[in-house]
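In the two assemblies presented below, chain A is common to both, partnered first by chain B and then by chain C.
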Partner chain A sequence: MAEKPLVVENLTIHYYTLHGIVKAVRNVSFEVHRGESLCLVGESGSGKSTIGLSVLGALPSNARVVSGRVLIEGTNILELDEENLESIRGRKVSIIFQDPAASFNPLFTIGQVLSDIVKYKLGIDDKEEAKRVVLKALSEVGLPDPERIFNSYPHELSGGMLQRAAIAVALVTRPSVLVADEPTTMLDVTLQAQILDLLQSLRQKLGLSMLFITHNLGVAAIVCDRVAVMYAGSIVEYGPTDKILLSPKHPYTKKLIECVPRSSIRAGRLKYIPGSLPDLRRDYPGCIFAPRCDEVLEECTRVKPKLVEVEPGHAVACHRVLRAKG
Partner chain B sequence: MPVSKEYIVKRLILLVLVVFGVLIITFVITRIIPAHPELLWAGSHPTKEQLEKARKQLRLDEPIYVQLYYYLVDFVKGNWGVSWRTKHPVLEDITTALPATLELVVVAFIIAIIMGIPLGALAALKRETWIDHIVRVVSVLGASVPVFWLALILQLVLSNWLGILPGAKRVDEYVVIETGFKPITGFILFDSLVQGNFAVFTNALKHIILPAFVLSMYPFGLSARMTRAVMSEVLNEQYTRSALAWGLPRRIVIYKYALKNALAPVIASLGLSFGYTIIGAFMVELVFVWPGLGLYAAMALLSYDYPAVIGCVIVVALIYSVINMVVDIIHSIIDPRVKL
Partner chain C sequence: MIDEMTSILEVDNLVKYFPIRKGILGRVVGYVRAVDGVSFSIRENETFSLVGESGSGKTTIARCVLGLLKPTSGKIFFMGKDVTRLSKEEAKWYRRNVQAVFQNPFLSLNPRMKVEDIVAEPLKVHYKDMPKEEVKKHVYELLEKVGLTADLAKRSPYDLSGGQAQRVAIARAVILKPKLIVLDEPTSALDVSVQAQILNLLVDLKNELKLSYLMISHDLSVVRYISDWVAVMYLGKIVELAPTEELFEKPLHPYTQALLSSVPEPDPYLMRKKKRIVLRGEPPSAVNPPPGCRLHPRCPYATEVCGKIEPKLVEYERDHWVACHLYARK
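Right after this comes the complex of A and B.
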């Protein structure tokens, strides 16, 4: 299979709300290679979760894809009808959500949900056989006593166990692409590390391509090969994780990294970025970050900066960086 | 089993307390209304002596707590007094009237559930389409149309003008006599079916269609609107969106998963309206000459027939309590988070 697992091209998504059209995702392109994990990092409202949902063709009903393509192993899923989408979901691409407790229907056991997935996605009708597959999937994600988990309702399990169960649900069908939408945000710090470890080892074991969505740069540093930094619906910088974290180029990335609270400098004041996210209903002729940027140039408010590679695999959309490079 | 024995016992004790409380309140209220039931008891044109005798017989000359004491003693023995209007024992009257009403209400609720829940679910799935609008209009109409009006119109058109369906009574006497039908429980549909008497069964079925349909309008509107509202909510829940994103087929997500979530609140509201309908059926019973409990209670109220009124109120309180218990138990079976 020469097809790339996940390619997103020129994706633009608008939300139709009572207060106007919100341009949530603005001409975003990226790709995830086989076995690689790419992080989308950004504040709330930067459009990263919208991209995550669009990869499954599971956008809310008030969202419109204005332009662009989302290719999963070469198939543009934005053009598929409901039936074909259903067959791609689970089989080729799956998702883990932020809140594991809300992801499971409270009236059904973990085993019932997983058995249905095995039945409808893998076509295993035999109950015994299905249960065997499910129990294997549950132990694969490090859940002790899979038999008990199988018969448990969501409210009988802890957040960490539920998130493991959710990972089992997403991976039992062996998709090639996994979208992880802030999978550790709702968990305790100690659990976060465990879940991230689990995801890492499963990714290596199964050769998964992962689109990891987070606002937490620390998490991104642990899990991801590459990072794409999003601001107000656009990617402002992407590159290998260490490059982005250690020598960020875009003023927004720099500020984002400064904002990460560090326990060693507890005495110092927490940093933040002055101003707030721009109004996403408007179009901006220049750089969308310009109103909050300390290093504005005259052209920043006039001309939209393009994503340009400053070194192989590391691209930035900033006039100042490009000018410095020449 | 999510329901414990202790819970059932507790609920049964509570049920006795509720019925007892209802009994006392109803008894006191009937006695403090300024009315003269002895006039009814003594017949037309009574003499002073006859009236005095009637008051003595009915113990109306005693203080209210003495009357209550005698009533309670009799009540526990199974003697609910004699109806001042029909001169029959109240318990006997009620055991004849109750099956007629229960049969009518149960059929009405079956119609309501069969129409209401699927239509409500459909409306939620097709939100803001013409299907949704039609279901909403019909369900609001169903819940708000006056039953006596609808009963009269349907009786006039379908029975009197077109002659498609019978417009009065539970069953035609001639069929009962010809086939030698003997009711056991008083539920004619049930009895005739058990005895294999299909002539009576079809005859009774034809008779029950119109009144049951009219009576089903309110619970139909209620269940359709409730199902639509709860279902829309459930379809927006994260767990529904997750299930779809994981690739489960849409029909499974909706009809196996989401519908179960929507069921508990719908059943709860239907349970409450069931208790209400037992007595509220009297206008339909009046129009269709249906010898039911609602009609009996209404007549008892109009004629100051205190023992009958108290008897009816107690039966309804009993039915309410039992239904609430059943609804709670159903809820705990549907929802594993509810432990009784």
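Right after this comes the complex of A and C.
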């Protein structure tokens, strides 16, 4: 248990909307080892952010967990009542989001926000002591002049600094699991590089398990040990980052990587994936990617492919790959 | 700086300052120097890209070119005519020939109109006498050309996916057969698989209709794919300008080098091999840009002179322009 701070088992999540029931996450399982970073990669609508929220026990009110468990250090966060949830959320698992400005209350200084967390989550009542902890957290994330930042309001900080402050908020309680939901998508590339470096060094220093959610395969290549590729609510392939990016097996992974224009090489014509995302309100008897796949077999539209290991640690859900393997 | 004979758009020493007002009298207390003396030109049937991070002034330039902002000083020539002083007739001619595609198609398409009406509207404005049947014919031909099926024509933009909506915006931009299209981050809001389709479409249309593009982007990978020329901007200035391959293979300016080295790519071997040049801190405010070279407080190669004298954009090698003291000394 100790070596897997985050375990997700057979997770299925539906959204109840005016237009019907959207089956956003479909039977997803994965685990993150201590100190490891796992990347959920996928396009919009793949269900990656929904999984991120479920790990915090923070799904929106119209979401229903149909089945499955999310274990944080062995405790199923989906079964906890509010009171018990608060002892895990922000203590053992934290999250950082895409837009740091939206995760801060504009009426409070960074110092007030952090002091409250230190007081209620860590139980440090002494003001002096609390401030010391907060200042340490601020300098830990590379913010210059923590004293000034302590007294700053969110609007006084730039996007990059605010994201650093959000990381300080997430990590001041020393959680074992950090969910990072597109944390650098809104930042410019030079700042993105800084924040990714920071997350990497904090992960090593604190032994954090990180669930990193991104649509950017390049970012995944930098920060992640393992990658799980999601399509329409399901994991279609997972494995070590090098394996997934350099020798992908699933047709969707292959195509997704081919779509990305590179700054390092002059591309000929860009490849793309024809068609669009399937209607997530429906059930599909076979492989959910089959309508857009150009390597379909007869059974692809009939039988749902299971995730099967093709090499140790590298699993693929594709009939063709499995048939080739024999 | 580029051969003037075939240039279609010429931007000459463009300056745009936004006043900062304070108090009830609206006293001007300072200026945001969004664009501070930028010159470039775009040749016929070529794509010219402005890249830079937020606040570098690239979108302000696009807005000046589109006539949505009045430059503080400097001139913009389109096919030889100064577009900052056009007569009413000429302004109409200019708008017919210069079109735009923006980042978010859902914000730039009227939600209360049907797709076919959106695409037809430019024709109705500029060719009032065109018979309805002919308008319709043009619209449906164009929808097919941009890869939209006829059954989408009766829908509203909200029933479309992001990629489809951007195709509608592109159809609307090309229906008047313009000479120049300003593309302001046209694929930033799209998923990669869709982005690839839109980029391919833009390249096809450019070749087929002999279009020129002024592309605004922060994404260097996209820029490399689509551009003929690239200008890198930092805090309101062009710091480097070169043909695309030249710029990506031999970046000279430390800022360009830092930008290129920061782009994450889905290739773990390359990422490990890549020498990262990390700039210190964050871009300063454009209200009080640093004296001398604007990059010098963050630049790993800065010397004393960089903080005092502003480097000029000079042609270091044929067609390769750079504004940096490292190269001026040679």
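Here is the rule we go by: the second predicted complex is superposed on the first by the 315 of 326 C-alpha atoms of A that agree within 3 Å, B and C clash if a C-alpha of one lies under 4 Å from a C-alpha of the other, contacts with A are read in each partner's own complex, and residues count from 1 in each chain.
Just so we're on the same page, a residue touches a chain if its C-beta (ideal position, glycine included) is under 8 Å from a C-beta of that chain, and two chains touch if they have at least 3 such contacts.
Keep in mind the model is a prediction, meaning the values are calculated, not measured.
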**First (chain B), second (chain C), both or neither touched by A:117** = first
**Request:** Figure out whether A:215 sits in contact with chain B (first) or chain C (second), or with both, or with neither.
**Result:** second
**Asked** Should A:9 be classified as contacting the first partner (chain B), the second (chain C), both, or neither?
**Response** neither
**Prompt:** Is A:193 touching the first partner chain B, the second partner chain C, both, or neither of them?
**Reply:** second
**Message:** Quick check for you: in the superposed arrangement, does A:153 touch first (chain B), second (chain C), both or neither?
**Reply:** first
**Prompt:** For A:173, is the partner it touches chain B (first), chain C (second), both, or none of the two (neither)?
**Reply:** first
**Asked** Which partner, chain B or chain C, touches the larger number of chain A residues?
**Response** C
**Message:** For A:107 in the superposed arrangement: first (chain B), second (chain C), both or neither?
**Reply:** first
**Prompt:** Of the partners chain B and chain C, which touch A:225 in the superposed model: first, second, both, neither?
**Reply:** neither
**Sites on chain A touched by chain B in the complex** = 53, 56, 58, 82, 86-91, 94-95, 97, 99, 102-108, 113, 116-117, 120-121, 153, 155, 169-170, 173
**Fill in**
chain B residues touching chain A in their complex are 237-250, 252, 256-257, 260-261, 334-337
**Request:** Would you pull the chain C residues touching chain A in the complex into a rising list?
**Result:** 53-54, 161, 163, 191-197, 199-200, 203, 218, 220-225, 244-245, 248, 258-260, 262-271, 276, 278-279, 282-283
**Fill in**
Listed in rising order, the residues of chain A that touch chain C in the complex are 43-44, 158-161, 188-194, 196-197, 215-222, 241-242, 245-246, 255-257, 259-264, 266-267, 269-273, 276
